[in-house]
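Look at the two complexes coming up: chain A is in both, with chain B in one and chain C in the other.
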Partner chain A sequence: MNMPITPQKPAKKLSLKDNYNLLTRGLGWETSYQDMDKVFAQDKFEGIKIHDWDKWEDPFRLTMDAYWKYQGEKEKKLYAIVDAFQQNNGQFNVTDARYINTLKLFLTGVSPLEYQAHRGFAMVGRNFRGTSARIAAQMQAIDELRHAQTQAHTISHYNKFFSGLHDPTHMFDRVWYLSVPKSYFEDAMSAGPFEFITAISFSFEYVLTNLLFMPFMSGAAYNGDMATVTFGFSAQSDESRHMTLGLEVVKFILEQDPDNVPIVQKWLDKWFWRGYRLLTLVSMMMDYMLPKKVMSWAEAWEMYFEQNGGALFNDLARYGIRMPKYHEVASKEKHRLSHEAWATFYNFSHAAAFHTWVPEESEMKWLAEKYPTTFDSLYRPRFEHWREQQQKGERFSNGTLPMLCQVCQVPMFFTEPDDPTKICFRETTYRDEKFHFCSDGCKDIFGNEPEKYVQAWLPVHQIYQGNCFRPGTDPTAPGFEPLAEVLQYYGFHVGEDGGEYLGSLDARNWTQWTGKPAVAE
Partner chain B sequence: MSVIALKPGYTGEMKDRVENFHGKQLLYIGWEDHLMYCAPMCIPIEGSTPFGALIQSVIPSLYPAHPDTAKIDWNTVEWFRSGERFTPDPQQTLIANGLGHKANLRFRTPGLTGLKGSCS
Partner chain C sequence: MGYELTIEPLGQTVTVDDEQTILDACLRAGIWLPHACCHGLCATCKVQVVDGDIEHGEASPFALMDFERDEKKTLACCATLQSDVTIEADIDEEPDAEIIKVRDFEGTVSRIEDLTPTIKGIWIRLDEAIHFQAGQYVNVSIGEHGFSRPFSLANPPATGTEIELNVRIVPGGVGTAWLHNELHVGDRVKVAGPYGRFFVRKSAQSPSLFMAGGSGLSSPRSMILDLLEAGSDQPITLVYGQRVKAELYYHDEFTALSQQYPNFHYVPVLSSEAEGSDWTGFRGFVHDAAKAHFGNDFRGHKAYLCGPPLMIDACITTLMQGRLFERDIYQEKFLSAADAQQVRSPLFRKI
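Right after this comes the complex of A and B.
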């Protein structure tokens, strides 16, 4: 059909605001064949009341067409740099091969969370009835998928040279310490859409993400890992969009109805504590795993939570929101968290997919300076004893599985808020069964929703139930070794991926290929 | 409310019921002031085990590498069940001593405070 020729001038280009409205709100409609409550069946059961979805403001006013353009440009730059990194054998420019263990932790513990976030935001995007909120969630879902991919692509180059990087998704679903990030995210995804977005967009992306991304990316830069720095930069503009979205989400929910305030406060309490427990892994990465340290965990906590987080919650006070419960416990723990965590991985290094080691004397000096009230008195004797044992050929390891917290799933190594020499035990009885927790924070979370957490897949208990063997395994066969079989089930290359760093395959290869010592001087 | 769920009356599967442990139960054991072994242990054990077996063989086998293990004087050890001080009967079973599935048992060894007194 021929288009009619009109003598008029072409219509003026739409303003950015009109364009945004047409490409977001303009895409939605009120359903008539089906009740809206049936179409959006999940956005009321949590008790959150939304009166006017049009009050949702996307601070970036980003539409899908612009989104693809920006992201495409970033991809081109990233992959050009990754190519150059590979062609120049950039993997040998890091401080020493101990550094690679931070990448192992990142690829197995953090990158799968990016993928989980992709899934979570896709679900939220389906379940909100406000169109702009759905589109913001859709974009974040695509961002998260991109992050999972760029991280896998970048780090896959290291997989050609170092152990423990060969199958992060398989490990994520099985390995004992990876159940900590996995259960964290599954807790959020199995909640309703409002709790999910409060947990991930606000409590994690807005409040705590600086304590995850900053240490890994600055740590990479300090230690010569340009590949990781590059995917960090490529994700950074997305992260700032996610953070801003997180703050908008919480303000929007709080402004919609006063009844929302106590619900949101409860979520902030819960997700602050769950996120903080997850960051335990980052604390030991900063203080022990980076050969060149950026700052101590205690300094990072002071800067990014106590100061920045404190200012944020002051700002939210006008909505009736206070600081998350037990933030003062986190501050009390800041001088011991990383030491307790690293000692735990040293105990169970034979069952991990990354290496551990005793810090060098120069590092112990740094630790003593950063932690003057705790390191020399409480932790140095442990490390010195382990070093002596190792020199005698009796490298310490713990042959028994640890007790785990029912909620955060971290081994119960945390100590009493006011006594760093006493393990913190909390317990409760529910439906005639005992449950144990590492803290009041985790106990409260269980107490609010016990029916959820009685279902926790605790790795230690699962091993004892016989659920962590490969199909066809006969645990009654003569000479059956449960631990060896569990490591096979995890997909580890036993004897290569974990254990002591000194003398490991990674350490030996490093020296052979680079001519540099396994531990940089 | 015991869970915020789409369906009213939702309940969860109790994942760690004692029946799932092939005739055993779980027992958690922690040694006070000795954090070189970083966290309390979790072991599967028959509830009919006499408490004395813990002292004789089970507990020493959990801490083989600690220099204090050989120095423990079992006559002076203080026992705690879920944090409460108690006096176990070594002849009686774990269950008769009030240590059922997922019981939390801690012990303190007076005079022994870990590597260089650091509670390690």
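Right after this comes the complex of A and C.
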């Protein structure tokens, strides 16, 4: 039998966009037996008005099935390189063991944030009404989990050879300087979904992340740490997705309703300042902790924030958004931030899980070149004094505890915007209690949501309140040493993990295992 | 030398130099491809090679996996061509875009008129009609100088045998000086085109707003004449600015059109007209006039901008503050190497 042949034109191939739409927003639905407002109970209380989720422009078009394939392949490649690094004892190819302290600070301070980001994006992915936004957040949640895992492997490797990395999750919840990144992220996670995604995807991932990632990755490359460099490549292909998500989120919110503009501006002000204060730790990594330096903090700030961020805010001005409040203070601080921070950690090095040291003469020369208006006049004399004391066998350390800022939780060592010789103190009274701040930026943040920040878990306060001792400790027992007990509570190996680098266990092992000097020439 | 690159789903073809990347060639041809890092690390610019051979260049093995290379994916920011190539990229399809092959045309100068002290209208009768979309441009060969200059077509497509160019003399410019001083009626001229992706989104069926200034009137004029001739019943508004009345070329034509077509609104504006002249229209800049005319609310429009960069910039800001955003704003963009080096945020794609 002859079938009639009806020549049919094959359907036109779907464009990537249409194809993606069918596989994402095409899978969403309006709930019928439950009110949508009950299903998505958290996407209205912040005051953000969304009229049309269909106006969401997908910043990237990656479907879940393709996502698994890509990420699986990335993992294979990354672990192959990490394995090779381990088999070849790559950790001994870094410049010297001082470099490892950068890693310690990153791995104990930032890696747990990857896990927090995973949790945060999982939360956001649950709470947005728009399907595409939910899927983008869901993918990022999985990315962040992958990054956290990858870094856990790095920690496990370096922990075999160097001190201070034996229990990062335990430390993250307790140690004074780690409360800076921890409280930053918990502030974001305890906000609503729109504030979280503005804070993390836009203010952090988009505006500030280059300041964290670039120096860290380039620093690793300069100092011979190829495992970290490889991790960087593997993560960067995810980060670009995260950054475009940040841009799209902010555009989308701003375009949906003019009432959203002042809310977003307030968040940008807040999260710029929160993020900038967090980057204080990065400034001292760049200027003091990398034995071979990439660029100075001031240069990085100029390039990544003043130039690139400036161009971004020029464009955002069209939406009625202005530069974040106190950006000019950050620019005033760029010539002193790292010096003030490193000096503080030098003071309290015995209570930290990484080492500190006085910069070598050659490094001081570099610092003087990079900071011609401040280093020789303000900071060099102090380092020289400490070096002399150390040579006399009296390495300085500060036996008291620093006062912390109620908001950023950084010790209050920052100086007045217009006077780098005067510590900046701000305070306010709320419900008959006094609260202290490092800056106008942090004070304003407190002033906008005092109910939130009075609950801050400030490590120094907690120590004084007796909450940072192991169970069963008797502070009234004769010979009780509070500081030693606190370090036990932190889970530190007292005498190994922190303190002066020269003569430390790390430095001695380094020389013994590699035959190289503890401080590279 | 170089090869031909066809970009799907547009079907548009561009020429790519030997060392030039796919991304660079596309951006220069006005075709926006998604991109971010521009050096092979982030994979934002990944495209599918449908046909032909490419070299992957410096693409990172994490950004472009081995299995993707097997599937003939590549990163546009690093890839160079080894043959004529067709790619499929993540580009929004434009239902109103016509794909018209670029061709070479020859014609004879039929008329030259002074439109203003600095702008000449040049009419060229082509040997064969050119098919184009209102808003597109042609490259005009500058005599024996061996180079060409782009000019938007000021006539509507319906009059395709005789094309009209409005040429402002650029101080020190060889090309415009030649067109102004050495070209005469009866001379033979070579043009190539049509180029560009500036066209009216007719299928949107929404009111359109044209903002023009300086010598940027050509495309909007072609587009408006085309819309009116086609019998469009959507509101059409032209906000058109010059410094002084003497420069406001085609003022009488637009005034007449606004009387003839009830859906066409004409808002002329002068920025430096002498106080006390008989000018009764708006004084100020194009964006000010538009803001006043629309009461700072541009929602629901499609806006088409043409004019000097400062005017474009001010207009975009005004439109956005009046709640009209990137997806509804169109402009012709000529990208030069200098533009590519500018520090720009990736917040906006097209504007």
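Here is the rule we use: the second predicted complex is superposed on the first by the 504 of 521 C-alpha atoms of A that agree within 3 Å, B and C clash if a C-alpha of one lies under 4 Å from a C-alpha of the other, contacts with A are read in each partner's own complex, and residues count from 1 in each chain.
Keep in mind that, in the parts below, contacts are C-beta pairs under 8 Å (C-beta built on N, C-alpha and C of every residue); 3 or more make two chains touch, one makes a residue touch a chain.
This one's a predicted model, so the numbers in the text were calculated from it and none came from an experiment.
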Partner chain(s) touched by A:D269 [first = chain B, second = chain C, both, neither]: neither
Chain B versus chain C as contact partner of A:L401, first or second or both or neither: first
A:D444 touches, of chain B and chain C: first, second, both or neither? neither
Touching partner for A:E500 - first (chain B), second (chain C), both, neither: neither
Partner chain(s) touched by A:T244 [first = chain B, second = chain C, both, neither]: second
First, second, both or neither for A:E46, with chain B first and chain C second: first
Winner by number of chain A residues touched, once chain B and chain C are compared: B
First (chain B), second (chain C), both or neither touched by A:L458: first
Contacts of A:E205 with chain B and chain C, given as first, second, both or neither: neither
Partner chain in contact with A:E73 - chain B first, chain C second, else both or neither: second
Contact footprint of chain A on chain B as seen in their complex: 2-6, 10-17, 20-22, 24, 26, 28, 30, 32-33, 35-44, 62, 64-65, 67, 82-83, 100-104, 106, 114-116, 118-120
Residues of chain A that touch chain C when the two form their complex: 13, 15-17, 57, 60-61, 69-70, 73-74, 77-78, 233-234, 236-237, 239-240, 243-244, 247, 251, 255, 258, 307-308, 310-312, 314-320
List of chain A residues in touch with chain B within their complex: 41-42, 45-47, 191-192, 195, 340, 343-344, 347, 377-382, 385, 389, 394, 396, 398-404, 411-413, 415, 421-423, 425, 427, 431, 433-436, 449-458, 460-461, 464-466
Complex contacts: residues of chain C adjacent to chain A: 9, 34, 36-37, 41-44, 60-63, 65-67, 88-93, 316-317, 320-321, 323, 325, 327, 343-348
